[in-house]
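Each in structure tokens, the structures are laid out below.
The two complexes that follow have subunit A in common; it is paired with subunit B in the first and with subunit C in the second.
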Partner chain A sequence: MSEVRRFLGDARLVAARDLRIEFRSRVVVGQVVPFALLVLVLFGFALDADHRTLRTFASGLFWVAVLLSALLAVHRSAALEQSDGTLDALRMSGLPPAALFIGKATAVFVQLVVLEVVLLGGLLVLYGVQVVDPVLLVVAGLLAGVAVAAAGTLYGALASGLGVRETLLPILLLPVLAPVLIGATRAFDDALGAVAVDGWAWTGLLAVAALIATVVGALAHGVLIED
Partner chain B sequence: MAGRDERPGTTGSRGSRLLGCVALASLVVLGVLAFFLTGPDVRIHPTTGEEFGQFDAVRMLYLHVPMAVLMYASFMLCAAASVGVLVKRTPWWDVMAHSTAEVGTVLCGLVLVTGSIWGRPVWNTWWEWGDVRLMTTLVLFLLFAGYLALRRTTTDPRRQERQAAVVALVAVLDIPLVNRSVAWWENRTLHQRSTLEELKIEDLTLFTLMFSFLTFGLVVWWLTLQRFRVGWLERAAIDHAVGSAIADRRSETSADELDAAIGVTDEQVGEASP
Partner chain C sequence: MGDRYRGGVPVVELRGAVALLGNFPALAGVDLTVESGEVVLLRGPNGAGKTTLLRLCAGLIRPESGSVEVLGHDLVHERRSVRRRVALLGHSTGLYADLTVTQNVYFWARAAGLTVAEATQRVASALLRMGLSERLLGQPVHTLSAGQRRRASLAALVVRRPELWLLDEPHAGLDQSGRDVVDALVGDAVAAGATVLVSSHELERVAGLGPRVVTISGGVVVDDTGPADGGGPRV
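On to the complex of A and B.
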């Protein structure tokens, strides 16, 4: 039991460190969130600001905006370890790689939740959508957030240290997140009353994706960060 | 790997040349079977008497189905080799993983293209967004395209081996989805269940299909073998380049200067000598 507590303590330490850096630098709040809102606005321009069209496609546009913004957040999270030999210091610290992974993924998850809340506000105000099933919306949003954060942290660690990580990360990460995009969009379609689908069934898919991404990430992180 | 007649710097050996010739001959026989000896799929409607079926498009079966099955096999081999990379950490497993992934990706691309060409006359569309198997296959292709992009990055080979192994193991998680999608999402696919399981095809069509498995099996075997050897030579070339660069660097400095640089005195050198 004490081992589990120590593991969670280590993970909390790493998550708190990443969130403290974010709180002080405000990169996600100051740059990633405005970028996500900009994407929503650009969709509005591209679709000629037709409210009915926007309401129909709101879920898909929301999740595309989340995924594009998540790339920036993941990139930022991975970049934190690249400066001043931080990764070497972490390797030397004796923290279990799985705890390091869970900690970093948790920090990305918290940032994604903030992003989703702000973007949802954007959907309500700019696209004029209505929330029909708030419980489904919250559960699907959280599960998709876990899946994106876990897969993102795994691939962020993988691409870090490569000279071409800015271009390689989207190529590696976006296909992995395709099932999450599909599941989250269908679940939100139901929660926003846009399309008559069984949103809870798609939420089940999101739960499986979140579980797989977390387990694979925790197992593989050690292999990726060892030198 | 080296055969007796193998010349340095080539990927051919007597065995692989023979394999290539047999594969080529099988392709010719398959062409004759598929285009001339087997007939088109034409059925008569029992009540109206109208002709229906896939007509000549059914011949695409001999290309599309074996390629799909061999694509699964290549990616599963890649996954097994990637486990080997993580456990054994030897170049053999890494070159094997890279070779099978590359051949598998080519097959996956061809499966999508041949499926699309077949879909035009039969489903009346080049591409069907609602088809789950099509989507999961496309995702599989993109996952391995990412894998190959990662392999082209220049970095420490030992680090790249591990990274690529993780990417491959995540990517193959999509294979059960591709394979079972027709059964799991029956109402969301235009793909039919396996006609082989239900024995709806028979006689020469069945024989030609089985022969196409054998033929493309040989072709894929030959391709993988060649790609493996190219990969092995690439590794050897890199090792050789690094080795000769170190030798060149050493030759720029005399032995005494080297000893002085690392702090070894003449007395220590004398003591160390037999």
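On to the complex of A and C.
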């Protein structure tokens, strides 16, 4: 039990550090969130549509905006460990790699939740959507957030190790997140009353994706930061 | 001073250690034994392999062949068991630019496994020891000078109270008072029973500690002359 408590303490330490850095640098608030809102607005311009058309596509546009913005947050998270010898210092600290992974993924998850809340506000205001199943919306949003944060943290570490993170990260990460995009979009379609689908079934897919990404990430992170 | 070298417990044992940087053999078969409580000064020209040797001892590089044991552990298979007991001061600081000095040092103290109470107490003590003024402690690291960052980096290592210090050009970028702090730090570490490997071109800075001087060139040890204070050749 003390091992579990120590592991969770280490993960919390890393998450708090990443969030503190984000709070001080305000990259998510100052850059990622405005970028995501800009994407929503540009979708509106591109579709040149009335609210009915936007409502039909709102779920997909929301999750595309989330994924594109998540790339920025993931890149930022990975870059923290590439600056001025911090990765070497982490390796020397003796922190368990799995705790490091969980901590970093948690910090990205928290940022994504903030992003999702702001973007949802954007959907309500700009696209005029209505939430018909708030519980489904929240559960699907959280599970998709976990999947994106875990997969993003894993692939961020992988791309950083290859030394080409800026260009390679989207190519590596977006195909992996395609099932999450599909599942989250379908679940939101149901939650927003846009399309008659079984949103909870798609939420089950999101739960599986979140679990796989988290377990694989925790197991693989040690190899990635060492080699 | 020379007695310290006899009959001690081996802290670092390298046997035919080869390490590659890319395809280049930065270390080409190093044999070196460092015993508990020793101060070893690594000398050699640029590119001789000093930094690689220190990183190898820290477990940050895998040996291509040969064996490397640190604190009784094989670094190929057990490096995670060793790292928390070893401090490496390299060319970079290992600090997060957007965190304050105190936040950085506290994070590394907690990451090393210290409790909140231990970390709080040791961080305050280490920052004081490094001569960082109160005004600097709450400032983000990116606003500090290179020398101030170096001191903060050292403070982050001091809090861990390592058994083995690996110092790569520790005086670089420091003013006179900073250099004095480093010298005092090494002296305190040795007095506490720690072992120190220091790479430096400034022999006179550590000469007072009577270091054993090991010269590296071309990735091999070419001279191991014993203590600089006249303890006689070791090999």
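By our rule, the second predicted complex is superposed on the first by the 222 of 227 C-alpha atoms of A that agree within 3 Å, B and C clash if a C-alpha of one lies under 4 Å from a C-alpha of the other, contacts with A are read in each partner's own complex, and residues count from 1 in each chain.
Operating definition for what follows: contacts are C-beta pairs under 8 Å (C-beta built on N, C-alpha and C of every residue); 3 or more make two chains touch, one makes a residue touch a chain.
Everything quoted here is computed from the prediction, not taken from an experiment.
Engineer: Looking at A:Arg24 after the superposition, I want to know if it touches subunit B, subunit C, both of them or none. Which is it: first, second, both, neither?
Structural biologist: It touches subunit C, and subunit B stays clear.
Engineer: Quick one: classify A:Leu224 as touching subunit B (first), subunit C (second), both or neither.
Structural biologist: The first partner, subunit B, only.
Engineer: Once the structures are superposed on A, label A:Leu142 by its partner contacts, choosing first (subunit B), second (subunit C), both or neither.
Structural biologist: So A:Leu142 meets neither subunit B nor subunit C here.
Engineer: Would you sort A:Val176 into first (subunit B), second (subunit C), both or neither based on which partner it touches?
Structural biologist: Only subunit B; A:Val176 stays clear of subunit C.
Engineer: Which partner does A:Val110 contact after superposing on A: first (subunit B), second (subunit C), both, neither?
Structural biologist: So A:Val110 meets neither subunit B nor subunit C here.
Engineer: Could you say whether A:Asp10 touches subunit B, subunit C, both of them, or neither, answering first, second, both or neither?
Structural biologist: The second partner, subunit C, only.
Engineer: Going by the contact rule set out at the top, does A:Leu168 touch subunit B (first), subunit C (second), both, or neither?
Structural biologist: First partner only.
Engineer: How about subunit A: which of its residues touch subunit B in the complex?
Structural biologist: 154, 158, 161-164, 168, 171-172, 174-176, 178-179, 182, 212, 216, 220, 223-224, 226-227
Engineer: Once bound in the complex, which stretches of subunit B touch subunit A?
Structural biologist: Interface residues on subunit B, with respect to subunit A: 86, 135, 139, 142-143, 145-146, 149-150, 153-155, 159, 162-163, 165-167, 169-171, 173, 177.
Engineer: For subunit C, which residues count as touching subunit A in their complex?
Structural biologist: 58-60, 80, 83-84, 86-88, 90-99, 103, 107-108, 110-113, 140, 156
Engineer: Okay, in this complex, where on subunit A does subunit C touch?
Structural biologist: 10, 13, 17, 20-21, 24-25, 80, 83-86, 88-95
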